[in-house]
Amino acid sequence: MTGNVFGNRFVLTSFGESHGKCVGCVIDGCPAGLLLSEKDIQKELDRRRPGQSDLTTTRSEIDEVEILSGVFEDYTTGAPICMIIWNKDVDSTMYKYVKYEPRPGHADYTAGIRYGGFNDYRGGGRFSGRITASYVMGGAIAKKILREILKIEILAHTTEIGGIKAETKSLDEIRQAESNPVRCADSEAAKRMIARTREAQAEKDSVGGAIQCVVLNVPAGLGDPVFNTLEGDLSKALYAIPAVKSVEFGSGVDAARMMGSQHNDPFALREGKIVTISNYAGGILGGISNGMPIICRVTIKPTASIGKSQQTVNLKNMKETRINIEGRHDPCIIPRAIPVVEAMVALVLVDYAIQANLVPRVLERKI
Amino acid sequence: MTGNVFGNRFVLTSFGESHGKCVGCVIDGCPAGLLLSEKDIQKELDRRRPGQSDLTTTRSEIDEVEILSGVFEDYTTGAPICMIIWNKDVDSTMYKYVKYEPRPGHADYTAGIRYGGFNDYRGGGRFSGRITASYVMGGAIAKKILREILKIEILAHTTEIGGIKAETKSLDEIRQAESNPVRCADSEAAKRMIARTREAQAEKDSVGGAIQCVVLNVPAGLGDPVFNTLEGDLSKALYAIPAVKSVEFGSGVDAARMMGSQHNDPFALREGKIVTISNYAGGILGGISNGMPIICRVTIKPTASIGKSQQTVNLKNMKETRINIEGRHDPCIIPRAIPVVEAMVALVLVDYAIQANLVPRVLERKI
Amino acid sequence: MTGNVFGNRFVLTSFGESHGKCVGCVIDGCPAGLLLSEKDIQKELDRRRPGQSDLTTTRSEIDEVEILSGVFEDYTTGAPICMIIWNKDVDSTMYKYVKYEPRPGHADYTAGIRYGGFNDYRGGGRFSGRITASYVMGGAIAKKILREILKIEILAHTTEIGGIKAETKSLDEIRQAESNPVRCADSEAAKRMIARTREAQAEKDSVGGAIQCVVLNVPAGLGDPVFNTLEGDLSKALYAIPAVKSVEFGSGVDAARMMGSQHNDPFALREGKIVTISNYAGGILGGISNGMPIICRVTIKPTASIGKSQQTVNLKNMKETRINIEGRHDPCIIPRAIPVVEAMVALVLVDYAIQANLVPRVLERKI
Amino acid sequence: MTGNVFGNRFVLTSFGESHGKCVGCVIDGCPAGLLLSEKDIQKELDRRRPGQSDLTTTRSEIDEVEILSGVFEDYTTGAPICMIIWNKDVDSTMYKYVKYEPRPGHADYTAGIRYGGFNDYRGGGRFSGRITASYVMGGAIAKKILREILKIEILAHTTEIGGIKAETKSLDEIRQAESNPVRCADSEAAKRMIARTREAQAEKDSVGGAIQCVVLNVPAGLGDPVFNTLEGDLSKALYAIPAVKSVEFGSGVDAARMMGSQHNDPFALREGKIVTISNYAGGILGGISNGMPIICRVTIKPTASIGKSQQTVNLKNMKETRINIEGRHDPCIIPRAIPVVEAMVALVLVDYAIQANLVPRVLERKI
């Protein structure tokens, strides 16, 4: 399958460019009978939009979604749902140079190679973080199905920014993470993260960080080993988010330093239900969910767009040169990436849930 | 697609069970005209087999591959290649209990849920590390194509075991990693890793670790964003290996603590070729290879099979109980996982190379 | 994969409804560097639009295509191409009844079952012939690639309407078929077909017919047996056209009455090239093109929308009842189906050509 | 996906060659908990094997199936099921010439082009009718699931051989078709078909014919328009059978000569159930099953292997020449194609049934 189509039974086709006419997607495979309006989508898009705080870019992208198909008399029909955001007039003049002077850390160079120089380079084109708005649109529907049909809750939150790590917090605190601009459950660490980000911003630099995603109420038994493991499909989905450099489950990189007797989560009974006492597995064993919370974590590299002077090569005259990236960019992309992480996790889980017969093809019956 | 079929244009279908008649695979999509014999496959299988040193299980699995189809007069025909290893008589009696007393850290519990208790639990069945022999068979063909047609070299080696980290070493040293039983390029660290593993073994415990994989000569331009990123497909492939807990590219988890000005790899010219001075990107930008070495890393959890007493739940009487896993198991699986990592990386890359028109459908012409 | 996504390497995702906001599609996998404008698409859409003659419906659908993405500075970028036709205000009042009184020969009943009554029934919704406009949009790009890169020519023409069969005609005459309203290469038969269609129209009835499609210059060697045969994928594509009741290749149904000695096309040399003297195979042997013209034929049932009174069942009160379908419908859909047949054939062939490495990923180079 | 892998949720991977070591397949996606033994498979294979009557080839292929994986303690485990037939020693000497002197009507020429001359040409290799034994193995499992879980009955029978057409017969007579060697429900016509076949045999020639397949108890609502129509996927499946030249549904090619008022099947109530009075639709409307029997028909060309002298081209010296195909071949392949048609229909339907949530992932529960 081609690269802009994602999923097997709940399929998202993404289209559009950062500075083109629009960004949009088509969802095919959504069950019929889901009450759905633009508000359901807009709510998630608003969490991703720029300008939510002074920590994010102040560009005025107003991302208003329009549903073009697949919904009739307030319910999904089972037909493909096309959703679109029309881009506002944007000034692309400053991007002219990136075609021949690729920005370090960006996809300008590889996109030029891959598409023979025909790629729309303005604002990064298809490689812009803006394209993730299409993930969020589709993810909003996926989340709604998971929540309403299976009571699955997806909670992404910031665990690290610029070297500052959050303390482990309770689920209730995680649910409140959205209350601070860095979306961190540890409100003390959040303050330092904000200060650290402003510092980087002042230095025309940027910071990276990490996001943890906790998924509650995933029924045991999801996953199709040996190749369609839950970890495998979640990590493929998460790597579709620009800037992700690692995907971990449960113990993650720390597993390298643990003993088997410590890492093996013992099975136990709690209120007649089988649970594991610890959860180093991250809710997945043998690629299949075990009923415990799914725990995954992504590392996000520092924003590639920085104001500092950088070295590159001019592809026309094949000489080394230096560039300064103008414009107002996010010194830290982590907070805006949170809803995107949730969207990708939701897209995978709804696909798996449909494959496991857990989501009916028709949610209600009208006839 | 179902879970035992992997790839798009170079497709591996895995079958067989740990204690069943055989383990095997079918490769569909292999170009015609590749000189191929059982030796090409056996060589890689021998790197995975147990009993190579006293650090691995001393079980006597003799994995002798037989090619059943798709090769005629020494060359691949373009037809599906079925390869098989016949299992020798194995004693499965000690596995009887795992059906009702799932081993912590193993897939016994989730497999039972997923397959309603019909799964072949003997030796872990489809969830045994033994199944990765089928990855290695297919990967051997993939590696041969990559090497012969595209000069691509895949080098996995151990970078951490039981808390002992290897120093960064040169490519030449990495190519020599196979010379010690832990397959570590840092021969000093290797000694301590061996000691650490023996220690764990003596304690009836196990250790985890990490494997780095370096891929040389990958042409720039491989990858199909936004969803079919090279990172995404490689990580999905790597999570098919039991025990993997993280997949990182380039800077990986360290990106969280870096500044943009440090992480952005500057472009430069070296002998008329565009390179990046550093390689925090791990050879991939925007999901597309940039011509630099691809660098990825997996964390492997400590072997789940340990001799120590562990707590579990008896599923029949629904009571908590304790079990001791008998038998001779690998106190550290890292060295044997090395060829499996290489196989999975090769399977992804050959698929991408075919999709990018870099591998002809017929390698030579006979007519 | 879900039902509104078609293809493997050149993927069309169709969306929209007959009486909704729009009909559209996304093409993913189009090579970069193809000169493409709305005119290329419009030309094909105009061949499908109603009102081209008094034999087709006089409804005033003005199908003006807009390209929303994937084209930049006149060339395809390699990114997904979204194309859309905005529906004009249509009167849907007369369709209210079809939800509970399904029209014989239409999908009203099965769509209601499949989507639990949530399907947009207005004008047939997703089951309207209007949806084939999305096939034609994608097919226009496929045809352009096939023509410009591979010199492949696709010629569909009417061979039967209402029991009147056309004589076999030369390629030059077939190329002129568009000159009469029934698009028949046999201009004498065309006159009788027209008369026969008017007759049916006067009787508030409709007629069926057949379309032959000839494809010239298909290189030998396309096809991936045993399952991805050229016939198999072409027939699947053609059955996506509403009203198709049969798909034949070469001799088709007549093969049942032939002898082997007659049906086997003898190989011969013509100007140093291997050809077959006859072409009962229809240009395909063993599922693979043999270099001769591909010949296929579809039968199109008589238009299901007729003015005559018909029996149905009212799904609300579960009683048998009679309905009269109002409105102006095509008494014969064959002529308008011609560009749709060509589109589906083109979509399959361009996909196969890409898989066979016959179409570069970048058609020109700009960098 | 590559050409030897079929299906989406119930996936058959076919392998093996006519004169190689074996013919086999892997089924992935079979639900766990199906009682399955070699007998279930053998029964269907025996219907396909040669030598059942003097009308078929007298070659002594003894096709004894062995299940290699995926079944444990008599039940399917949910793991891939590998099934194999070991080929007996066969004399391939007479096939040596086909590499350079392709047989008319066979795939020798196109296979040589497609695979650069590396294809195993002995006995037709992958293009032999013998490969359909792998379809029958997988189809046997599919039929068993359809029959036991959904009460779906698949009845293929001969309707035409060598110009002799069978009268339309009752379901009971169709169920008895197997009682004569041509598998025709019309026992009078059967006699003439047999005579006609013997006549062709005596003339060293062959005859073609047609097979109708009736599928009973298919629930309404199967099908995923607009591209995954039931007709589309069934026809793709049926074209995987060598020698098929047409696939029709319901009225088929006769639709071209019908009026809408005649072809539209009126809806009616029978015992409180919605039915159609006629069934020109063949049980499918808008690509979705309507609850009536599915009726499809394939035309099978006369066997390509005939004893008569035929013209071909020698590919080595590029000269026209004549060949005589030796050996004992089926003068009519129709009777042996019957179980293959049923197998392909079953494979499609079980896949659709799984996608429609009609088949549980675990048929029984053991835990």
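When the chains are written out, they are named A, B, C and D in that same order, and each has its own residue count from 1.
Convention: a contact is a pair of C-beta atoms (placed from the backbone, for glycine too) under 8 Å apart; a residue touches a chain by one contact, two chains touch by 3 or more.
From a predicted model like this one, the values you see are computed outputs, not experimental measurements.
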| item | value |
| --- | --- |
| Which of A-C and B-C has more C-beta contact pairs | A-C |
| Between chain C and chain D, centroid-to-centroid distance (C-alpha), Å | 27 |
| Distance between the centres, which are taken as Cα means, of chain C and chain A, whole angstrom | 39 |
| Length of the line joining the C-alpha centres of chain B and chain C, rounded to whole Å | 46 |
| For chain D, residues contacting two or more additional chains | 1-5, 8-9, 14, 113-114, 126, 315, 361 |
| Touch-based graph of the chains, sorted into line, ring, star, complete or other | complete |
| Touch list for chain D against partner chain B, complex | 1-5, 8-11, 13-17, 20-22, 24, 26, 28-29, 32-33, 68-70, 72, 75-82, 84, 99, 112-120, 125-126, 315, 361-367 |
| Touching residues on chain C, where the partner in the complex is chain D | 1-6, 8, 14, 102-107, 109-111, 113-114, 126-127, 131, 160-163, 200, 205-210, 220-221, 223-229, 231-233, 235-240, 242, 244-269, 272, 274, 276-277, 280-282, 284-290, 299-306, 308, 310-313, 315, 318-320 |
| Contact set on chain C toward chain B in their complex | 8-9, 355-357, 360-361 |
